[in-house]
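Below are two complexes that have chain A in common, paired first with chain B and then with chain C.
So, the complex of A and B:
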């Protein structure tokens, strides 16, 4: 036994109890309710086996479309936010005039409520009177003035773009902290050896930032899987069902009184998030434990 | 001195606490367009008389139903809430016997128009108070000056309607102002035309209610959806209809951008109130002529106020409803809300113009719209809107839309253990 350990094991029980009651228990109850016909229309609960799971994955309904949209949203926003956040972080750690002002401006969108961002962009992306299309038309780029939120083929891309705009400042801030913690000695040594900016970035910044990038990836993946507010405020899942994600579907199912199906979707999502979280945390722990 | 100050401070604290304790605020949540400025004015008067404040929570219409149903499902809600009524839906969707307060004992209950009362009652008990003018029907409101200029007459069938739209379009105007972004308006072309289905295929409502057929089995329903899509595809709704909001309908007609829109009979007064240079008499009405419809689409029900059964201020909420139902306040609402021509209370004096009376008289055959006469249609109003949007975008076929409606109805009926589906 390690006698230098600061706290006894039983200290964790309080946290475990709270976590168990507030997170694990409701999730397990949700999974249990997924096997019933719970709805607004009846006070009684009946066991229905795997019927709700079949419904969720049935081609008759739009749930798989929402699931795929959620996964697409997660992958695309995670990648783009990380890439753009990293580019901005590298830029914002250079000698730039009004550095803090620029950092604040880039960080600002993530402070705004998703609902406010949604309302602003609904107006900005209005096909006829929106700021974006007016600007494009004024520049003679009429062919680029698209129906950003009302064309089912591009609406989901617009939603992802707005979310990336909102979230990349946050990722940038975390990565700035990561870059600042890299000792300048490495860069000085590289310069003496004749390394250019790209080589410094490729062989010093990027490897040293890997743990921070892992954290931002985990944060983005978990955020992406449970996205709701941005989609709700911008399109409410429309036009038609084009931008439905799992949680807008869950919200709709509850509003239609189909609680069991809503709970089943939530449970599917919970299983997905727990699995994603488990593997990512395992990967992070392995990285931390790696002496290299 | 210190002691004296402490006593004064403590006394002030107690007085503030007492004042706050007396200060009751009731909260009323409703969809936008359901709470009129005139009602809020009456709310101020109510506060002056009773000391009870009314906090109006107005929610965007595309989010309201979802939000309300989520709140009710969790057993929480504001003191008063607005919802569409309907004898079937207030049981299956709102579960008013559990979620709302029985208002049968209120003095004003007997003054509610019997037709409206039947749609807000369960087992002889009244649960809601009508909010709007239910005599009005959703019809095509048109700019008479444009029709005169282009020498057009009121269409009596779909082909004539298309000819009218073509003539207006050729003149450089958008024929019809349609608003899809709100999520509640464009499906009026389908749901209100239940009267056309019933006219073409008598007994359909009964068969739908007894699960002997679905919407997908109705050729008229399919034709309706196809014609709605055709209108949009032919450009009769312009190119911005997906992003349009219904609140801009008056502007679109008054500025001459569009010639027609689906509206109810309060629209002429509403447009004149917002644009005084545009005379109310310049707006005429005709029924939506899809599937050659000539039946007046009646709906004896509309948005309704309910008191949440879990409210801590049931008595205060009842006082508010009683106040609104006082004859002078009913009349105040009729006189001051442009879109109200009357309210469904016995003794209310209507303000129908000759034009509107003539419109009603022009269509002697009346029918009830399907969101009221057919079960499990109104609860999925927004869902029908999403399905219809998918059809307009070409993401779904009319058959798929009708099958989706049938599937949603069946899901609700099965969950409600409706004997016709079990």
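So, the complex of A and C:
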């Protein structure tokens, strides 16, 4: 039977319609509207050329600060989560008692809502009687008990730390699966040759995990650029604009009715992410291989 | 010599286990903090420490359920999650099945087009205009369709690779036996896709339950809010009563923790698909 009749194309339409109208269309419209003076007050739209782009990248406003923060967040959390996730994965594939319990606990924060995690850490990081400062004072480390979320110098670091706390178990879980798929023959051969633990890690585990680490890195970068929930719940961009990221800014612009700037910021990010993502997706799709 | 080696191994084992416990505690402490304080009275909870409650105040949960309108918000969350899970899983399965089986140029393009959505951020500002013009602003249907649309790319990606592992001979045999294309999909293919569909359903449920940004932008009336948005709002109003806030957090998180414990296996297999070549 003919493939087109056996596998009717209309099967795709439902998914395609919703995805096209509610996901792709707004992104395309957004690029077009970035060149207008669209706002809650505008009755008709006017073409303004590159004015919004100039606004977004001008040093007179805080937008570049938010963009830089987003990039910093992405780079730092991706790096630290990968390193910690790798360390945890190595630990959690060793002879640990109650291994499944520990793995489950380390992954647990990933299934919680980022909004809830943010609320929990608003309490934990409370400068006066939060759990963290209480513990630090009890250990005699009073000088380390800082104003984690209200001191503009360290607030963004605290936000990144909370995100790392929440997300490292995710990387760990993926990497555990990666480590388990490495054939034990390699390690046996290394042991016969007298290799120590570090050499095994450096010359077997790490190279074999590189493809997996590439994927976790890409997923984390995509997540980091889109971050909103954690920041919104912890600081909502404050104190001042210290922890502002791209999507908290978009939300603020949206609430203020300044739609043109909001959509310009979104579009800049969309163009950046889709062009970077394109290569990764092509790679992912190709890996699948053809059944025929 | 031999004894020395045994001792090093013992020390190593103690060290590794101690480290594992230390890490687990680091992750559990904030969560225990919430659980413990949800059972204290307001004064004791204002301290937010890990001391166990003197007498557990189970009534906190009843108070929150009433003050935070948890009945309504729970049903909202349930409605959004269940409807999105069913709709998204069905549409994604249909699409990925055809896109995997028929690899004409158009189909390959459509697959790449849909999967590219994994990398695409949502433009909330223009999405509002679209939602207004299709009259879905501030409606439950709108939220369900949004969750379906945004989760379609990843779900199509997951199911697509699974379909290609089912031999095509099965399809041909079914057609020869007189099955229609739709009958083939529903009666033969869907049951074979069960493992990946369960993964997709679990992940979609967790994502939808935890999400609050769509309602934040597109639901004005609080009686349509899901639990996540409601708990955040409750936190804004009752920030002095941490015991109540904690009880609200516990109840909002309970469903995802339950689904996590039941579906752990499926979550892991979904996450590692694509990332690890097995």
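One rule holds in what follows: the second predicted complex is superposed on the first by the 251 of 292 C-alpha atoms of A that agree within 3 Å, B and C clash if a C-alpha of one lies under 4 Å from a C-alpha of the other, contacts with A are read in each partner's own complex, and residues count from 1 in each chain.
The working rule: a contact is a pair of C-beta atoms (placed from the backbone, for glycine too) under 8 Å apart; a residue touches a chain by one contact, two chains touch by 3 or more.
The shown structure was predicted, so the numbers you read here are calculated from the model rather than taken from an experiment.
In the superposition on chain A, A:259 makes contact with both chain B and chain C. By the document's definition of touching, both partners, chain B and chain C, reach A:251. Of the two partner chains, chain C is the only one touched by A:278; chain B is not.
Within the superposed three-chain model, A:81 lies out of touch with both chain B and chain C [touch as defined at top].
In the superposition on chain A, A:127 makes contact with chain B only, while chain C stays out of contact range. When the two structures are aligned on the shared chain, A:26 is found in touch with chain C, with no touch to chain B. Touch criterion met: A:226 reaches chain C, while chain B stays clear of it.
Look at A:12: by the touch rule set out above, it reaches chain C but stays clear of chain B. Looking at the superposed arrangement, the partner reaching more residues of chain A, out of chain B and chain C, is C. Note: residues 126, 251, 254, 259 of chain A belong to the chain B contact set and to the chain C contact set alike, using the contact criterion stated above. Across the interface of their complex, chain A is touched by residues 13, 16-17, 19-21, 23-24, 26-31, 33-34, 46-50, 90-92, 94-95, 97-104, 106-107, 110-131, 134, 145-146, 148-150, 152-153, 156-157, 160-161, 164-165, 168, 171-172, 175, 181-182, 184-185, 206, 209-213, 216-217, 228-229, 231-232, 235, 242, 245, 249, 252-253, 256-257, 259-261, 264, 267-268, 271-272, 274-278 of chain C. Note for the complex: chain A touches chain C at residues 1, 3-9, 11-12, 14-16, 18-19, 21-27, 29-30, 33, 88, 91-92, 94-98, 101-102, 104-106, 108-109, 111-116, 119-121, 123-124, 126, 129-131, 134, 165, 169-170, 173-174, 177-178, 181, 211-212, 215-216, 219, 222, 225-226, 228-229, 233, 247, 250-251, 253-254, 259, 262-263, 266-267, 269-270, 273-274, 276-278, 280-282, 284-285, 287-292. By the touch criterion stated above, chain A contacts chain B in their complex at residues 37, 39-42, 60-61, 126-128, 147, 149-152, 232, 236-242, 251-252, 254-259. If you check the complex, the residues on chain B that touch chain A are 62-63, 65-70, 72-73, 92-93, 95, 180-181, 183, 239-240, 242-243, 379-380, 383, 386-387, 389-393, 395-396, 407-408, 411-412, 415-417.
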